[in-house]
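Note that the chains are named A, B, C and D in the order they appear, and that numbering of residues resets to 1 at the start of each chain.
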Amino acid sequence: MKSFASDNYAGVLPEVMEALNNANHRHARSYGADDITNDTVQLFRQAFGADVDVHFVFNGTGANVLSISSATQSFNSVLCSETSHIYCDESSAPETFTGCRFFPLKSNNEGKLNTETIRQRLIRKGDMHYAQSSILSITQTTEYATVYSLDELKAIGDLTRSNNLYYHIDGSRFFNAAAALGCTLKEMSTDVGVDILSLGGTKAGMMYGEAVVVFNKELSKHLAYKHKQSMQLASKNRFIAAQFGAMLKDELWRTHAAHANAMAQLLQKSIADIPGVQITKPTQANGVFAIHPVQWNEKMWEHYPYYVWDEHTNEVRIMCSWDTSAEEVKDFAVRMAAL
Amino acid sequence: MKSFASDNYAGVLPEVMEALNNANHRHARSYGADDITNDTVQLFRQAFGADVDVHFVFNGTGANVLSISSATQSFNSVLCSETSHIYCDESSAPETFTGCRFFPLKSNNEGKLNTETIRQRLIRKGDMHYAQSSILSITQTTEYATVYSLDELKAIGDLTRSNNLYYHIDGSRFFNAAAALGCTLKEMSTDVGVDILSLGGTKAGMMYGEAVVVFNKELSKHLAYKHKQSMQLASKNRFIAAQFGAMLKDELWRTHAAHANAMAQLLQKSIADIPGVQITKPTQANGVFAIHPVQWNEKMWEHYPYYVWDEHTNEVRIMCSWDTSAEEVKDFAVRMAAL
Amino acid sequence: MKSFASDNYAGVLPEVMEALNNANHRHARSYGADDITNDTVQLFRQAFGADVDVHFVFNGTGANVLSISSATQSFNSVLCSETSHIYCDESSAPETFTGCRFFPLKSNNEGKLNTETIRQRLIRKGDMHYAQSSILSITQTTEYATVYSLDELKAIGDLTRSNNLYYHIDGSRFFNAAAALGCTLKEMSTDVGVDILSLGGTKAGMMYGEAVVVFNKELSKHLAYKHKQSMQLASKNRFIAAQFGAMLKDELWRTHAAHANAMAQLLQKSIADIPGVQITKPTQANGVFAIHPVQWNEKMWEHYPYYVWDEHTNEVRIMCSWDTSAEEVKDFAVRMAAL
Amino acid sequence: MKSFASDNYAGVLPEVMEALNNANHRHARSYGADDITNDTVQLFRQAFGADVDVHFVFNGTGANVLSISSATQSFNSVLCSETSHIYCDESSAPETFTGCRFFPLKSNNEGKLNTETIRQRLIRKGDMHYAQSSILSITQTTEYATVYSLDELKAIGDLTRSNNLYYHIDGSRFFNAAAALGCTLKEMSTDVGVDILSLGGTKAGMMYGEAVVVFNKELSKHLAYKHKQSMQLASKNRFIAAQFGAMLKDELWRTHAAHANAMAQLLQKSIADIPGVQITKPTQANGVFAIHPVQWNEKMWEHYPYYVWDEHTNEVRIMCSWDTSAEEVKDFAVRMAAL
């Protein structure tokens, strides 16, 4: 069975699995004081073209919550998209751990925030009755598998900097975005003014592990303490680092992310003209959003699971991953066309 | 280099590594809805001889905090040993996530709590000014690598049950304890009245992953929600489950834990008679506690790192792991004797 | 100077001041175990026609947060209006104390929630990735000084009950609402299915003090503990109770709340026809919302402060209190008409 | 009935009641932006001989938690006495609001911490596994109604400053301490290096209200936000300020605190020689600690309630307040002598 439900249904990239096997010899100091971790951090600094600090964590919720906590005290608020993972899919973890309020902002049809929407929420500064906004969080790629352009990212960076807001990107699919834009990791982070990034590994083909990448040294100040406090510090940290090492070496991530993106393009093209199918979002990364008759779901799911994103309209999300094959995509389309 | 610093310096058991490689094919449903997870939960139920619920988590702090949260609301307090990991080595994660007060109880020279000490803290029930105690947490093996006997565990279980306290065991080295006692997992948990257990995998030879094992169904009520909320729910959960599957199959854990314990026995015997060495705790599991002249540390550390546990007395902890060899132990002793 | 900024600019009702003076003799047991508290609770039970539990607290934020905490654990979410005080004006106190997520719902032009809006947010029950909604909070009177009808309140109560949601009313101006509807406190709470109520005293003419009134015994279970834990338990509790005693005796609250409401009616009538003034909300309680030219503000504020509610439109809130006089209202209108 | 149970059983000083009545005219700006608040803050600055910031709060728990929160982030720990109110009698409010760990230190027989005990806990700085200590909290007078000397306070201040710890005093009976030492408020705070003080009003004869007094400007940085967030900001703040205004004017507090202290001295002298009575703590402020036969309690309580502090030994606390009379003290002693 190959699923189109989520890229986290996929397994582990062979290169990553090899790196795990290779990392498993000898003793290594725990909690990140080992050589593999040290080497991998150097790879991050090269890839991001900056003297970043890196904190390896277990999962995306951990990465987001730790990132947010670096820039907040409990009287603060966080601005994010109403459709964001941190707002919709991480339970109350963000509030419970940080104590902060999360204000949802309206995203546009592509699931993106624009600067005008953000600007309108920059209110009541200095008013003690209002949880003071200290950080903005956006998602790249978005929950609709769309991609902010470098200009859009830069515009948001300019806005946050001039308003004393920190700038966070939830990049659980950051590699897919960079592959889609054909840019480097540096161009999509350092160069647009990001302060802190949740860099996703799991959906990109790792077994587990994400990285909190810190560009703004102010946010590093207490982060080692918060890392441990957030229950996200691995004792055998080398095994997360080794995976990221494999991903970053010679931009391995790009090959696999580009493939997943290409499969989504192929899928979109393959189903767009099927009568009854309406593509609802531009296909820019590794997911396709479409509306089709609700009665198709059950039949399609016998072979290819996917998610219903909006029950009212039967808008569905069809997700490709690093191991999705062109044959599977074509078979998916053929089966759908036959309904 | 082979370290005696901590069993979390060791790598991954070959059988576990093999299980990880084997688990890495096909797609699998995420967040624990996969077949490997399901099969492994069955193995837990066999091993514990009870209809336990199992929540797989990333690390020991996560396991402890999630376990505690299952049995508390924020106005509660938690009783634990003053020497416990949850009290000394998990930052403020327990308070930040649960909101509760943690009351440290005096442990005896072996790092154990006894029922009399616990009983004396069962105070002020119903007094709204006092954070109401709802759960007791002990550690098996203790932080001093000693082991509660089954009778001791049972006595505590009787006390907690008759006082409406929940009973938690932090079992980051639970396998070492069971190997030391020569008992089953069931005898050391189900049979002594434990309500919830943090079962350690990492120090026992897994790459990452622990399990929250729930014996008392009351504590399961909201645990799925709290699991996600605690940032401890893995999307590719099958890879934690697969490791535990390997550990539980034919009691693989026992072989390796018994070996680590045996190495500690050998070590203790090998250094006990060295002039200047004083063994300070009974060696019951995989660690040796001893006092020796402080100036020996630097020389020994050139070959074999270990921790100083008490700077005032130079009490040191020398830890064996699944991959410690008799040759290394003997070499360690020879070098120490030569100082 | 008489302000129209907020009813919390007013002082203390003479009858309440007298009750405070009367309560100040002899010793009394602390933390609510005194006779005055006991007697006042009986008055509550009469007024609400139910065996309510009452917890006296210091201020409105405390009342709301304590109420919410009675019905939540930290993995829950709270539904409230996007314009509610608990969402806009209580900093992050609700999140910090409860750990919960607060989901803002769109209110209609009168600042009210309707059942359809609520119903649409009753989503993802049982989904561990989503903070599970456990309580709905509405405000009576609303932040726009409008009043839910008994039918509207009842419809919401029916909806919450049939969906296993608890029902909270933030009643910082509950007395004004009851005076406006000409109903009893019982009709506006017990009879519509409210589970827990923040009953405001301060804005109604008390020096300090609000009451958490619990209709649903399930929510009382841990409330004494949470009361202390929320930092809202007064040692000399008799002085809050004495004030409420004066308010409830012979419905003193009604006289004063009705007066404030009448002053708002007079004000609305007196300014509605002034060219340039547009009344924006129905005047149902003790506040008037209107738009007028922004340049009028400075001149009016020389004599009568009031709040600008919406800077974009210069919608202003003009608030009457128990000590607002008809002369002041008329003078206000005369001065505005002269601009 | 006159109670010796707690000074919070007493009512309100006539001078304070008068101040409340006087403050009750006209409108005043809310949340502390009024003239009475402003004037009272000036009185604080005179009394403390420093440019202190003052935040008026409702109760002692609120004052302590707000003070602690000014000096902590959630990964921090707090050092306090094992017998302190903040550790024993404020539920889990400190943890729930701040997220921090509270480490109890052993107090001496007089309930005081000494510098050596504190110094021994200054451990593991920079160790991310350990909640980093950022503030020390002591209580003046202590929970045993003893008083730190100015030298003792200064020694602690020197220790905290040289170790980058903030220094908090829980001064719920600070006035009693200053009266006992015959010193000014300035000498007991500013001059000994205190960073932040919870100054008690309620037990000293106010109706309600305490003050957080900030000596160290670093701690003021976010305090206005935290004040609101902690649910401790009064809308009609003038009524707390007016009470403190009366207390500080011409050191009114000293007269009444000295009286309460004198009554405790008289009580101690009057019962010390009764056979069966053993005074257990030096009587330095307004409370007497003694052991007497447990069977006396019931008979004494018919006339004069007091608290049993230690059930094992029947150590009791007999507390005097501003309105305790010499006649009552003598009658108490006569009745006890007759048992």
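Basically, contacts are C-beta pairs under 8 Å (C-beta built on N, C-alpha and C of every residue); 3 or more make two chains touch, one makes a residue touch a chain.
Quick caveat: nothing in here was measured; it's all calculated off a predicted structure.
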Where among B-C, B-D or A-B does the C-D interface show up again, with more than half of the contact pairs the same?
A-B
If you average the Cα atoms per chain, which one ends up farthest from chain D?
A
Between chain A and chain C, centroid-to-centroid distance (C-alpha), Å
42
Distance between the centres, which are taken as Cα means, of chain D and chain A, whole angstrom:
50
Between chain A and chain B, tell me the centre distance in angstrom, where each centre is the average of that chain's C-alpha atoms.
33
Junction residues of chain B, two or more chains touched
74-75, 90-92, 96, 99, 128-129, 131, 225, 228-229, 233
Chain D - residues contacting chain C, complex
1-3, 5-6, 8-12, 17, 20-21, 23-30, 58-62, 65, 90-93, 96-97, 202-203, 207-208, 225, 228-236, 239, 323
Within the complex, chain D is touched by chain A residues 31, 73-75, 99, 128-129, 131-132, 222, 224-229, 233
The residues of chain B that touch chain D in their complex are 74-77, 88-92, 94-96, 99-102, 104, 128-131
